[in-house]
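By written order: A, B, C and D. Residues from 1 in each chain.
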Amino acid sequence: MIVIIRPDATPAQLTNVVALIEQMGCQAHISRGERRTLVGIIGNGRPFDVERIERMPGVEKTMPVTRPFKRASREFHPDNSVVAVGDVVVGGSEITVIAGPCAVETEEQMSAIGRAVAESGAQMLRGGAYKPRTSPYSFQGLGEEGLKILARVRDETGLPIVTEVIQPDLVPLVTRYADVLQIGARNMQNFALLHAVGQAHRPVLLKRGMMSTVEELLMAAEYILSHGNDRVILCERGIRTFETYTRNTLDINAVPLLKQLTHLPVIVDPSHGTGMRDLVEPVSRAAIAAGADGLIVEVHHRPDEALSDGNQSLLPEQFVELCASVGAIAAAVGRLM
Amino acid sequence: MIVIIRPDATPAQLTNVVALIEQMGCQAHISRGERRTLVGIIGNGRPFDVERIERMPGVEKTMPVTRPFKRASREFHPDNSVVAVGDVVVGGSEITVIAGPCAVETEEQMSAIGRAVAESGAQMLRGGAYKPRTSPYSFQGLGEEGLKILARVRDETGLPIVTEVIQPDLVPLVTRYADVLQIGARNMQNFALLHAVGQAHRPVLLKRGMMSTVEELLMAAEYILSHGNDRVILCERGIRTFETYTRNTLDINAVPLLKQLTHLPVIVDPSHGTGMRDLVEPVSRAAIAAGADGLIVEVHHRPDEALSDGNQSLLPEQFVELCASVGAIAAAVGRLM
Amino acid sequence: MIVIIRPDATPAQLTNVVALIEQMGCQAHISRGERRTLVGIIGNGRPFDVERIERMPGVEKTMPVTRPFKRASREFHPDNSVVAVGDVVVGGSEITVIAGPCAVETEEQMSAIGRAVAESGAQMLRGGAYKPRTSPYSFQGLGEEGLKILARVRDETGLPIVTEVIQPDLVPLVTRYADVLQIGARNMQNFALLHAVGQAHRPVLLKRGMMSTVEELLMAAEYILSHGNDRVILCERGIRTFETYTRNTLDINAVPLLKQLTHLPVIVDPSHGTGMRDLVEPVSRAAIAAGADGLIVEVHHRPDEALSDGNQSLLPEQFVELCASVGAIAAAVGRLM
Amino acid sequence: MIVIIRPDATPAQLTNVVALIEQMGCQAHISRGERRTLVGIIGNGRPFDVERIERMPGVEKTMPVTRPFKRASREFHPDNSVVAVGDVVVGGSEITVIAGPCAVETEEQMSAIGRAVAESGAQMLRGGAYKPRTSPYSFQGLGEEGLKILARVRDETGLPIVTEVIQPDLVPLVTRYADVLQIGARNMQNFALLHAVGQAHRPVLLKRGMMSTVEELLMAAEYILSHGNDRVILCERGIRTFETYTRNTLDINAVPLLKQLTHLPVIVDPSHGTGMRDLVEPVSRAAIAAGADGLIVEVHHRPDEALSDGNQSLLPEQFVELCASVGAIAAAVGRLM
């Protein structure tokens, strides 16, 4: 951390800045320049409150030298973390594919899709029982009935279940049914919810907010890790930009960047990342080629009747093709699938 | 609503689209073009599920002609809504100024700031007891103790209290103390929370998400209105763009645009909208000049010691100047203050 | 400038960095931290090539302490610059209003609009003879014939002429007719063009690129200033964001920010900044309230027949109202109009 | 094209809209809805001026049904176009790799890099003789001397030369030396330049502007095609977003989207698209996996001494690895390299 002192700061203000730094258990190194004085902070390895220094009289601004996340950082944890979900291992040598519909609609639907994706090679099943929807007039999900359907289809197919939890007081209920708790993009900075899943005994699939930076995603992961849950899987699912042809802009750079910054597994959601069925397969290949540890893909056996996001769902036969095509890429980058 | 039919659609697919439209209680008008056929939907005034049509076989896409919000729309409610909070009226001829610190820290702090802003002409007092913070290592607010402090300072100053609620299960508690429930930018699409405040007996100050469109803001208001609470105040507080010099980019266009699209009152937060103390006063003037019904401004008697957002807080004496300067603009646009 | 040294840098690499800094005529101050070493550069007041240091072995990154623009900076030129165009002074106590159509179409049109805006209080006349258009199938402007029309209408109305120049080899021709050379948003980083107008004997109206930061705008001004032309007027005209309701997002923060960073005059284009006729007047008021030195507004006597940008053009009678309404704001901020 | 008529339009206004449409040689289909009337335009296959209709009295807005580009559209040209550059074919079954430094610095440098990349499998050599730089204090390129160096290294290595042209009056000169004319991202909407290269007898490599949509890129290509040059290669090179960790956000979705919308070849620039050396190889793999026809990669034998963009340049030995790694992906998607 470097502190830039204002050109018009008084000597007493500089003295106070140095005193506060030392009181925090750190060391201060002063460099006097032509127009400005800088104070370098030599930390003691523990996080401290930057804003307290930024607000001191005489301080122009601070500039971070190291990143604000610790537990999520590869700097302090060089080896890859792997997250086990039953027999499935996310973040190891094998690519993990999670597939299923956007929303749980009926047991018949989940069972048909679950059996289809299990046969094609998916290792986990996704499906939303609680849906965050921008319009109050849209389908909001089946709630606990949806969770029960998911549990029955898990028994039928053997696939672990990934499902979204949208408010803190539902965490205990969803935990009873789900194998992985998903935090959706709109909730990436719902800190009460991050706190709650940080205390849950289930792995968490944390989706990047559509308006969030890579650093904010890692800080959200830090919330979960700092509350005691170290089984976090990150998911790039596209960000909002000025481009309107596609629903979101999938940030492919984020995949190798995250793999460099953090030890946590990173998967990609090409369905929300593009919003267009025809782009899902090529972007899935790109994700694995860039180093992603897996995919989460929307599949629906009757996309034209799906109660949400049908435009971006693959048919089961398209999902078969995707698995073959992604498998070839996985082999080309030395991964199994 | 217009439905674009794919060039390769079969006659049966077109027939099915028309049948679904009529089954929804609407009328369908077919236009056959050189390359494509269009179906215009003549609605019956009630909202319907667009996505269901978009997913039908043979449909290329749909294009809205009218906007998806109803209760929030000025089209169906031409007169301005005013929201009364005790004796204060938001959205009438008078400009409403809400002021106070980012976070409640101590009773001494709130009392000092509350008395100062009351004297300068603020009509309501703001202060956060629950703080959504991006880092788990930052100050998270005093919780209920903060609410109690706010209530005591309301008694002392006579100013109604605006404070943020960050999770649904806290709505009853916050409602016991607060006069206005604030929904923060990060929670604008926390639908469980919108649902909860939609059933509360308090006005709601709804802040625009930093990467949400004007239409999404109006849809979030629609959530609250559709759950029974019609006292909603909208707040433009800056959006995230590529410009990094300022903390956010205050979307001044949104002020007259919202006043045109909706009957709800619109206020502006120049503190978060700029993130720089020196820009707060000029941007406050701009907001009122553009037609805003009020301001929500951060004021702290010791910004250098503030536990959050000190960089953008005004000193009480700067707030006095702001009120004078904004008052002159209010007069120039024919408003009282 | 601060140089961050990589944790794995060798002592020889650090020595080389220091040697290069001293060879550039600057001083180097070394601070050794727990994990990283920093080198502060104490400059000699002259600009130097940052990238050369960034590429040295052992360097992680550099962080600027001062801004990269010099001639445009208020730090080195504390007083406001004023730009005189004939009898009109931009950047002084008086607000300058430039008005006219997007494109020159006919002499009858320019004459009618010119006389109307002159009567309403505009001090300069705008109109494009060369139009940069995104589609090759749209009207591209009248070229030199348009310049001749502008010159005749200047003689008729006494209003100085502002018109766009779109390529370097046209600068001499446009200079023969125009009083102010406009650089359009798409050309803000057309460096050959900046070079050419930097050598011209005419004031330059430099529009911010729709994808450009405030700092890049100031660097573009620096190009013009560094080639010898110190009469530069900056223009905020809206940036591209995710919001699609309005054509652009007018960055109102940029107005007081630019006034703080630079001594150059700053005007605002509410027509392109909003793209919607109904928003032009409220946003014009906001611009002047925020401290802008003037406005450039599109006016057309028959907007429904305009060959470009008719949707955002005011009728002459609407422009009369705008001038009255903006005049009241100017008075409220202590400016004349 | 659909025209939405305002609710308050008069019958005469509607009649005039229909008359104008018919006068343009198209047919008009009227649909009367509950609140609004729509007019569908049945075109005659030729482009027409949309804005003229948008500005008519009584028109609320228009909505395009088909896209505004014609010559670039796959709808009218279903087969892939291939662009031959000497013996190299871009857009066929083989992946094309273009490599070289950002800027031409010396003959020794170009020769060393040219020989290295030729050996590793690059098919063309890049290098800038004219550099558009945001700061007037940075290296601006060697000019014609740089072109001569490029020509000599072409003779030495046999690699065709790709180099940027930055202003219209340089097109004849650059054409004398270069095999492919590059239009840089900042010039994507420099229409005078697009016009000039549209009349040149060289293939054009057109880079997407950093804040341009896919549709604007295709309209820029349309400019070149409509001026007679049908040898256009498109290049995705990253867009500007709120994410600041990487220099740009490479829009991987754009690759399969462009391949679907247009018949022109599409290549990717992972060097500018990421701005970080460590991300170049994984993102190159992603690009080919997504269906790109080639890559343009920055390689420098001494990146720490490069006069521009050294941070994102690969060493020749890293480029060898990239080629091997990309070759495996090419094979996995059935392409040669």
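Everything below uses one rule, namely that a residue touches a chain if its C-beta (ideal position, glycine included) is under 8 Å from a C-beta of that chain, and two chains touch if they have at least 3 such contacts.
All figures in this text were calculated on a predicted structure; none of them were measured in a lab.
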## Note on the structure
For chain A and chain D, the contact-path distance works out to 1
### Chain at maximum distance from chain B, centres defined as averaged CA atoms
D
### Query
How many angstrom between the C-alpha centroids of chain C and chain B?
32
### Query
Just curious, how far off is chain B from chain A if you go by their C-alpha centres, in Å?
27
### Query
How many angstrom lie between the CA centroids of chain B and chain D, rounded to a whole number?
40
### Query
Counting only residues that touch at least 2 other chains, which ones in chain C make the list?
211, 240-242, 244
### Message
Residue numbers of chain A touching chain C in their complex, please.
### Response
2, 4, 29, 31-36, 38, 40-45, 63, 65-66, 240-242, 244
### Task
Show which residues of chain D lie in contact with chain C when the two form their complex.
47-49, 51-52, 54-57, 68, 132-140, 166-169, 186-187, 189-193, 209-212, 216, 219-220, 222-223, 226-227, 240, 303-311
### Complex contacts: residues of chain D adjacent to chain A
211, 213-215, 238-239, 241-246, 249-257, 260, 273-274, 276, 278-279, 282-283, 285-291, 325, 328-329, 331-333
